[in-house]
Amino acid sequence: MDDQASTLIPRPFEVVAKRRETHDVTTLMVEPSDGRSCFGFEPAQMGMIGVPGVGEVPISFSNHPDTSRCLSVTIRNAGAVTAAITGTEVGGVITVRGPYGTSWPIDLVAGRDVLFVAGGLGLAPLRSAVFAVAEESAERGSVGIVYGAKTPEDMLFKGDLEIWGEYDDVDVHLTVDAPTEEWTGGVGLVTALFEEALDSVRTPLVMMCGPDLMMINAGRDLVARDIDPSDIWVTLERNMKCAVGLCGHCQLGPLFVCKDGPVLRYDRVADLLEMREV
Amino acid sequence: MHKTDRLRSFRIEELTRVEGEGALEVVVDGDEIVDLEFRIFESPRFFEAFLRGREYTEAPDITARICGICPVAYQTSSINAMEQILGIRVSPQIRDLRRLLYMAEWIESHALHIYLLHAPDFLGFPSGMAMAAEFPTEVRDALRLKSIGNDLMACIGGREIHPVNPMVGGFHRAPTPDQLRAVEPDMEWALEAALRTVALVSTFPFPELDLDYEFVALSDPDEYAVLDGRIRSSEGIDITVDEFNDVFVEEHVERSNALHARIRDRGSYHVGPIARFNLNREQLHPVALKAARGIEPVVVNPFRSIVVRAVELVHACATGLDIVRRYVRPESPAATAPVRAGEGHGASEAPRGLLYHRYRIDESGIITDAQIVPPTSQNQLRIEEDLRRLIPTILGLTDEEMQHHLEQAIRNYDPCISCATHFLDFRVHRS
Amino acid sequence: MSFVLKRSELDQLVTVLREDGYQVYGPVVVDRAIRYRRIDSIDELAIGVRDVQGPGRYSLVERADDAIFGHTVGVTSLKDLFFPPRRAVWTAARDGDSYRFEPAAPTGARVAVIGARSCELAAMSIHDTVLLGGEYVDADYEARRKAGFIVSIDCTEPGEVCFCASMGTGPGADGGFDLAMTELRVDGGWEYVGRYGTQRGEAILERVEHRVPDQIEIGQARSAVSAAAGAMGRELTVTGLPEFLASHRQHPSWADIADRCLACGNCTQACPTCFCVSTIDTSSLDGATMTHDVRWDSCFSLDFSFMGGRPQRASIDARYRQWLTHKLSGWVEQFGSSGCVGCGRCITWCPVGIDFTAEIPRMMERIDG
Amino acid sequence: MGKPSLAVWKFASCDGCQLSLLDLEDRLLDIAEAVDIAHFPEASTAHADGPYTVSLVEGSITTPRDADRIRAVRHQSELVVAIGACATAGGIQALRNLADSDEFVRTVYATPTYIDSLATSTPISDHIEVDIELRGCPVSKIQLLDVVGALLAGRKPDLPTYPVCIECKARGVSCVMVAGGIACLGPITQAGCGAICPAYDRGCYGCFGPAETVNVASLAWQWRELGIEDEALVRSLRTFNTAAPAFAAASAAIEDR
């Protein structure tokens, strides 16, 4: 293992493949280029991904957690750093340090139904968990996936969604804010799909990721449907500069989202999320 | 190449390597100049109007913004005027510090002009940066000289451009002796580099042009006048700064956004390094005086201003070094006096020449009237006259060569067009 | 084990430390206030002055005597020395498509401080927890801390904004130093009755002339410090405070404070425990080398909480609440202690004099009343 | 791929901000190496036609001709960087904008002699889209260099919008307002200069324009405590950034009190 100090120094990773997901989201597959082996991670853990001289930003790993040779990151082009990362061509080098933070409670899945709730880019940190649960977890019950995006074009991982939908006991429910003519899924907020989703998964373990506002609404809705708040897990996003609790930026009340999170149990954060400007 | 058509016209749309924006338009008919216009289209900025209603303490900060190349000159002239009103006399240490700051500005400004703006004319380059390929040592030395001036400005003034430290009465904070001692080695190097500069520019080929100027500059029996003094001219003017308006008049010339100054009932005059040198040569620092040995007693060829500027660079470095070496921190950084109403005049020698300010303030220290006469508006008439004299001697050249000569002749003055357009009163029409 | 130094011997201590390659810092009057500055001799210290501090006010007055440490904490703190405002974390050199990373070289500077106060040692121990106590450490801080040497001075004349006694961090130091002393006036002269904190401290003092104090001197030093504990300028009731703040994030008082708060961040910058930083990436113009620096930031800056296209904490009251609630409440949960050591800097150096030791009781009253 | 090209343009100003580029002395040749200086009349006679990768624009718009000229600059430039208080807030010459008050009832325009001058001095962003604004009267040459470097590297330049106080403390300065009773605009002025004025024992006079948060009511209260009249605060707000919205609103609010 690396000594602690040096894990804050980024490592160079080569871009080995690149896939455009939507007009502003790109997935990069990267491999260490410093001759050392790649690190493993738990679903929902993140890394600080960067380009030297430009900056580094927190990004969740989106690949199957068992592919140990390389990592993938799915990134929306939101500003200078993400533009520099997603602009790196195959063969080019970006930097990675990590993995950091908490992960989805995969160990609680045994014997339970599971509901995944994702909004927008929130499917990226859930993707590795869906793989782990839907494919691997033998003792799992039924699985529901509820995913909302702005438009059909903004839907991520369309291929994965199709494959997941074909698994036994896995139902995929999709919704968009603004449908196109060919759209056959739901229209509106993710909460509008809970009714139908909860038909096939009962008192599920919920794993949810999306914008704060979506999680506030979805959380309220699920609790109103008698789901125990301690069965709901969310992953949060806050500004981060170090991702290891040394910069102070990501605090939410007494929590450091980087090390106490990003995955947190809903009952621990519900109040703070509901409150203005915490 | 000789042109057969009689009518030739030149337009230099945008004068380059001068501070600010100006244009030149010339029409010649055969040997005759039918139209010549050194036009300043830099937009007017109305400083005198803004100054009304401000507190007297604000004048140094506000007038500095007339020109980013010589802010210390503006600060000094305005401070002189205000101190005259309040009856403040500063300690020799504060005066020393002021002179040091002023010399720093000279070093920066002269190094900039000599190497980056003017020398390229003589060596045939479009810019100082382009010169770097062939004259790497000279250009690096020039930049280092310039930065030594700037670092000294930043050390005393807080920053290079629009220093924050000077105030009416002295300074907000006097540097510590340690801070100044730290610049001593650099200043020693600068002095050597300045001496090399004199040697270098003396070898430049100078076009022939002898003009009969009336030179005007501050003079002081005890020092090469910069901070203050009497206003003297080569034709016998010898007045106090207070009498400026009795002798000099400013007038608005059509189509130009700057005022032109002239000597009442007499005509144009010349301010700047050549004027200072011709009038005050003997007061130069001994090292500079020695460096000036080969220079004619009275410089009348404006193209040779670059040599004089180099001598002044030596003077500034040597004087600055002396001050740095003898510096003791003043007991108090500034002298104070109660506010009183009055009128005050202040002048100092900006790198480009005499800079005159006049203010009236009321009993609570509010400025009620202000007048500022910068060097470039004083030289503007001279520039046009120089061009009129030059053109007949270069008519045999191609348009391109001629244009180059004309621009070079303007750059002799290092005209600062930003300065020249500080003035106009802002008038409004009511309907 | 303890020792006594005469004033000239204190100066010897400075000399010995300098001989050992330390840069020695102590409280010096600079411009209008006392701050840590590098010294060559104790003559440069803030001798014979006393600071008068209050909310948004600070001035220096001459003392009747020539005590060296007859003042309280200055504008800067040990934070400025061990956790400086800006420093590099790593540099990289680019070679075609690959990079070589180098952790920033630990600074060669070994800092020795004379005159650190007990509240500052407490603040440093908090920094040790925050920056060195977790899974990841701040390597630069660690290097500076390991190399540093601390001579602490007990407080015998607390100031108007001091409340270390409330926070349990002073006025006498009981750890975190190499040497600690109490300045005592004895027969018209001065004595420094001291104790050892580390073997390193002992080894240094070995090389300085000194003698062993008698019981009376030790007693005098102790009672001067305990008298000081009863003479604090301010107090803060900390029992129940973390819970109170955590449960009153919606209190109307936040908005009232926000009317006065400038969100200028002075409190966070002056505070010896605030540790928030941002990162800055730069590169050479030719793109061949890069550096990654950290710089002090503040929870009062808008960019600090920028997320999802806007700052999380846009209003001033949200930012003030974040600061105070973190400092006095969240900190306890995160790091096992309050984030405040009672030095009063945030009260003094707030340009508009906001004083939380006054605001908090008012908030509590407003709920009760 | 060719070198990026740089153009420097001047409008109503003192030249100080573009001089900052030449004041980068030891880095100047590096810059000339990294970019093609295609148009910089103050420093070079050489001129290359656009389009330009980056245009640095100094000065404010005060004449109809300049209003046209700045649009032409935008057309030829991939990125426009406004440098200095004139370009980002109208500069001190925007004091003329205040003349447009009740007193001059209707149309306000210059006398025929000066017909070329507009009644207002306005920032570049009032006329065209600006990509980056560099504050300061003058700009900080460190920030200027960072912007050039950032554009070359494709990073966001380091231009904090928090107040001068943050830099003041980082510099270890003892606050002049707290320790000296000196009026200081630092708490409402954007950082970037490195807190020069307090380090020279005077109050900040706001040359970097408004900070991200401007609580001028509270500052006014404190200045009154220090014995400084509101008129002085109004004057302080009406200097080099007089027309910056936050300062303009604040000075008007105090005047209305």
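Every chain is named by a letter (A, B, C and D) in the order it is written, and numbering of its residues begins at 1.
Basically, a contact is a pair of C-beta atoms (placed from the backbone, for glycine too) under 8 Å apart; a residue touches a chain by one contact, two chains touch by 3 or more.
On a predicted model such as this, the values are computed, not experimentally measured, just so you know.
Across the two candidate interfaces, B-D and A-C, the one carrying more C-beta contacts is B-D.
Distance between chain B and chain D, defined via averaged C-alpha coordinates, is recorded as 25 Å. The centroid of the Cα atoms in chain B and the matching centroid in chain C are 50 Å apart.
Rounded to whole angstrom units, the spacing between the C-alpha centres of chain A and chain C is 40.
Rounded to a whole number, the gap between the C-alpha centres of chain A and chain B is 65 angstrom.
For chain D, residues that reach two or more other chains under the stated contact definition are 153, 155, 201.
The multi-chain contact residues of chain B, meaning those touching 2 or more other chains, are 173. Residue positions 53-55 of chain A are each in touch with at least two other chains.
Arrangement of the chains shown, judged by which pairs touch: an irregular graph that fits none of the line, ring, star or complete shapes.
Those residues of chain C that touch chain A in the shared complex are 89-90, 92, 94, 97-99, 101, 103, 130-131, 134-139, 142, 246, 249-250, 275-279, 281-283, 287, 290, 292, 294, 297, 299, 304-308, 312-315, 318, 322, 325-326, 329-330, 333-334.
Every residue of chain C that touches chain D in the complex is listed here, in rising order: 30-33, 35, 56-59, 75-76, 80, 85-86, 259-266, 269-270, 280-287, 295-296, 298, 300-303, 316, 348-353. By the touch rule above, chain B contacts chain D in their complex via residues 14-21, 41-47, 49-50, 54-55, 58, 61-62, 65-69, 71, 112, 116-117, 120, 126-130, 132, 139-140, 143-144, 146-147, 150, 158-162, 164-165, 167, 171-173, 252, 254, 257, 333, 407, 416, 418, 424, 426-431. Against chain C, in their complex, chain A makes its touches with residues 4-12, 14, 33, 50, 52-56, 91-93, 95, 211-212, 237-239, 241-242, 244-249, 251, 253-254, 256, 259, 275-278. Against chain A, in their complex, chain D makes its touches with residues 153-156.
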